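Please find the structures below.
Okay, so chain A shows up in both of these, paired with chain B first and chain C after.
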Partner chain A sequence: MSGSSARVNVLLILLVLLVPAVANGACSSSRTPITVLCAGSLIVPIQELADEFEAAHPEFDVVVEGHGSIQVIREVTELHQEADVMVVADQSLLPMLMYGNKMPDSADDYANWYIRFATNRLGIAYTSQSKYAAEIGSANWYEVLSRPDVKVGISEPRIDSCGYRAFMVCQLAEDYYSDNTILERVMGDFSPPITVSDNLEAHVISVPQIVKPKRVIVRGYSVQLLGLLESGDLDYSFEYESVAKQHGLGFVELPPEIDLSSRDFADRYGQVVVKMDFQRFASINPEFRGEPIQYALTIPANSPRWDAAIQFAEFLLGPDGQRVFLESYQPTLVPPEADNPDNIPASLKPLLEEW
Partner chain B sequence: MASEPKNEPKNIRTSRLRKVVPILILGLICIVAAVLVYAHPWSGSAADIEWNLTLVGSNSENVTLSLKDIKALEPKTGQGGFFTTTGVIHGPYNVKGVSIADLCELVGGMGPSDGVMVSARDGYSAFFEHDEVEGNIPTSEYDPATGNLKEVPHENLGLIVMYEQDGKPLSDDDGKPLRLAVAGDDRLLTEGFRWVRWVDRIEVIPNG
Partner chain C sequence: MSRVRSWMRHDSMSVVFAILALLLLAFILAPVVKTVFSSSPGTLWGTLRDESVYSSVLLTVLAGLLATLIGIVVGVPLAYLLARRQFRGKRFLEALIDVPIVIPHSAAGIALLFVFGRQFLLGKLFGHVGITFVDTLAGVVIAMMFVSVPFLIDSSKDAFKAVDVRMEKVARTLGASPWQTFFRVSLPLAWRGIFSGSVMMWARAMSEFGAVLILAYYVPFLGDRATVAPILVADRFTAFGLDHALPVASLVILISLVIFVALRYIALRGDKQ
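Let's turn to the complex of A and B:
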């Protein structure tokens, strides 16, 4: 090899090393990342919002991660992941796990406010191929689901909020339809059994450490049930309305008295508690009381890009966000509502007033 | 005078060297930086890490193993990946570790009515009944036609306490140094909640 060709080779190697490094540096410095952690059932509208936000604000790079709602919070408070915006499917989790929870080396809590902005309802997803699809409705759904030749799916109540909420719906249905066999008929037996006991305040559904069904088909996540519905391995599954409709599935709406959608029936929903024998997270008491499904947003106090987080939150809570959520079949709260309004960042406060 | 023609190339080489050396130094810095950036997640082999795995039997017998102890046990290999609650797929990976059934044997084994609680440093736990430890877990693959996960049958599936993923020690994000994996002969996917990261305790629960 001649001296000049060797030098050319050295320069080429350096170029190969330097160009990606420079390009990477240039890219990362030109776009500000915004990390959004969101509940799995919101992944479709939040990703759409992220795309629209980036199109309107090319200086930002929005990274969306979907988890179960508890895990969304744990990623920040226990695993110390940097996040800018957090959106959960159960508003009660934010004060439970972030208020009064001090950040490392700080006197401040991870959060001291949140904003409720959307709701949802639980119902029955199905396809046109599902048995008795032509006759199922809000008056006879539990009778159809109880038929021996109908295959019903639920997500794992120990893992997925949609799973334990399915038990709540069936228990609430017993009172609403005055038929105390609905839960047992729809869900069938489990070994060991899932039991219901009544105390002065509520029906308490006890889920044992093992969930081994004899009738219904249980999968860890509701996303798996969608595949089983479409393949015909299931006829019906309990699902959130937004998720079912986003996937083009049929959806049986249930009465608001039992579908966990309406604050008018909050007291009624609160008469059902699901209690797990299995503690999945050391920091969470695995006992869930029925309440209206309300999605909520906060910005963790240690967000590394606070101003960018505020801009994205404004977009999500404002008219653009409302439109995207409605297009994704996600009912919204207009205007959104604050918990601890005095602590809400000033630029978000106008969004909490009548538009 | 006669020596000048010989000296001239030397001077030229020196001058060129002066130009090249800073570039080489810069290149070296880049290489070191790249190594630091890209190798960081698994910098330091798993063998370097102080980590204890506590095994508790159904009769409360317990044994504590170091990473070195674990790697001295008969290794088990397989393939498997997982998906998240939103359907995002990770892997499949080539998995190497120790069978959870073999670990349970060290504290008296597992009866057909027993379960296993796998716990982690971060306070997370997953429970497995006997059937699941035997590999009776739904497996899926990505169906490009529908964009959904499609359930498919499997063979020789099992729970492995993994210390190597794709031939490398685990990164912090992947659960360094020990993660529970569901792996078998095929490159199939299972639910992510079973893939416990940072495993530090395995307990056989009688009549779980």
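Let's turn to the complex of A and C:
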């Protein structure tokens, strides 16, 4: 009996704690909320930006939600969440999933412009406790990762950009090191298998409907792998440089020919395509061609608080954003670049010129 | 007419309570019933024959059962001690046992990781005998057990408390050892409470999502890989959308209902006897 009364006590305490919180939530409705959906790999700098923005503009309440980049878009286009600013880790997703995608009861697309503003590089995150941490380097990383006693983590390629990019990096490594077993050795088997076929232009990696890994450890998005690295259940994970450094992890830099960081190697990156082998979105068959990593921002056309969204976007793309991104080890594009410049909201245009 | 009015006049409380109760019942039943009937029997059958759904359901049922069996072996003795012995800090201990019920289950998963992870104490110990907890069946079982064992302990404790101490004392004075007394007297008299606690634990274990997700996403199972049903439903939803998640959700709800209703029936039948 005393057990259940203890539980009642706990519940009562929770309730008492909850009431002021709820009341507070109701009172703070005078602040304009801004919902920012962002790629998981950006959550540290964007949260920092949100805090600074709120400090400078107390009339706003910025809510930041991190997801895998594909999921960021699905939240809006399929689950009909109201979002004000969307930031993804792969610019190609926006035209693929939002351009030409009509909003319900409207003749307009979810978006018809976006702005590229940051880059990154893909590499291998590890801790001092990782097996063979003393040995691993840019020249032998794939050899270390393919050892049978080494645990490797990737994020879900169907949901997260970092996931399909990990496959691209391994495939690019095969050409770069002239060793066509790297992808298979590092990633191991999947059930059903992930296959590679070559056509005239590119290596095409086909990801089936269900990704059941037999060797690597998979989590929804790459940031979720960090806890497993720290607990020692992963030795290495494919990760963005900014994320690894934000968390004080070791980071194996890969050659720029394969790490998706440099525009100089755009043609080389383009020789790899990751294809989702299933009809996931009603009319689109997602296919990702390798390209330099470019983060992009847009404001969905149905943003319920358009002016507030513009104000936050200005802050993010302007000097304050630059500073916070650089402090978070996130290389930026200066000035940011527009896709469909004619459609860019007027107040964002000045940011796209030299400054 | 006058009868109705007098009933209302004398018992307006019952009417208000009945209306509130109906609202609540509708709130619980509408989503469950709508989900279950959203898929035709043919679709449900097809879904069950989908190999990854089938193995997921089997994994969930078996891992939940394993967690419950371990819970019975270690939880029932604890429940007995709590019901029969007085000691300092007992109330604190009882509150502690209920902690897994009130903390967010993703936090529970992280807490488990930081004890059962390869770098940490228990993780290292189990590592020596070749048991690891990330993306393994063992990980699913500990996650399920952590969040569900309080139901078993609480229910067993109440069941033992309901057993008259004098019965145990009589057995002892007749020469039964403490072991004999426990297995021949206390346990048979308390079994129904322990059984319904086990059913609750099993049901709760099978429905666990957050803690399992942190520790074990896809685990080796039956020569392939499988994930537990709650994660499968969420995965279908994130990767493919509502249409693909619905039949799996209906199926999982149906299976849980059938198991739960059947076991409750057994427990209640024991009650009548």
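Criterion: the second predicted complex is superposed on the first by the 296 of 355 C-alpha atoms of A that agree within 3 Å, B and C clash if a C-alpha of one lies under 4 Å from a C-alpha of the other, contacts with A are read in each partner's own complex, and residues count from 1 in each chain.
We adopt the following convention: a contact is a pair of C-beta atoms (placed from the backbone, for glycine too) under 8 Å apart; a residue touches a chain by one contact, two chains touch by 3 or more.
The structure presented is a predicted model; accordingly, all values stated were derived computationally and were not measured.
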Inset, instruction - Please work out whether A:Ser191 is in contact with chain B alone, chain C alone, both, or neither, and reply first, second, both or neither. - result: second
Inset, instruction - Applying the touch criterion given at the start, work out whether A:Ile210 contacts chain B, chain C, both or neither, answering first, second, both or neither. - result: both
Legend entry - Contacts of A:Pro148 with chain B and chain C, given as first, second, both or neither: neither
Inset, instruction - May I ask you to decide whether A:Pro104 touches chain B, chain C, both, or neither, giving the answer as first, second, both or neither? - result: neither
Legend entry - Partner chain in contact with A:Glu78 - chain B first, chain C second, else both or neither: both
Inset, instruction - Check the residue A:Ile43 against both partner chains and state whether it touches chain B (first), chain C (second), both, or neither. - result: first
Inset, instruction - Applying the touch criterion given at the start, work out whether A:Gly248 contacts chain B, chain C, both or neither, answering first, second, both or neither. - result: neither
Inset, instruction - Classify the contacts of A:Gly66 with the two partner chains as first (chain B alone), second (chain C alone), both, or neither. - result: first
Inset, instruction - Classify the contacts of A:Leu226 with the two partner chains as first (chain B alone), second (chain C alone), both, or neither. - result: first
Legend entry - chain B and chain C contact sites that coincide on chain A, given as residue numbers: 7, 10-11, 14, 71, 74, 78, 158-159, 209-210, 212, 219-220, 227-228, 230-231, 233, 278, 280
Inset, instruction - Name, in rising order, each residue of chain A that touches chain C in their complex. - result: 1-4, 6-7, 9-11, 14, 71, 74, 78, 129, 151, 156, 158-159, 191, 209-210, 212-214, 217-220, 227-228, 230-234, 278, 280
Inset, instruction - Spell out the residues on chain B that touch chain A in their complex, using ranges where they run on. - result: 16, 20, 23-24, 26-27, 30-31, 33-34, 83-88, 115, 122-127, 129, 138, 140, 143, 146, 148-151, 191, 193-194, 205, 208
Legend entry - Residues of chain A defined as touching chain B within the complex: 7, 10-11, 13-14, 17-18, 21, 40, 43, 66-68, 71, 74, 78-79, 158-160, 209-210, 212, 219-221, 223-224, 226-228, 230-231, 233, 278-283
Inset, instruction - Enumerate the contact residues on chain C facing chain A in the complex. - result: 52, 82, 91, 94-95, 97-98, 101-102, 110, 113-114, 117-120, 123, 132-135, 153-154, 157-158, 161, 214, 217-218, 220, 224-226, 238-241
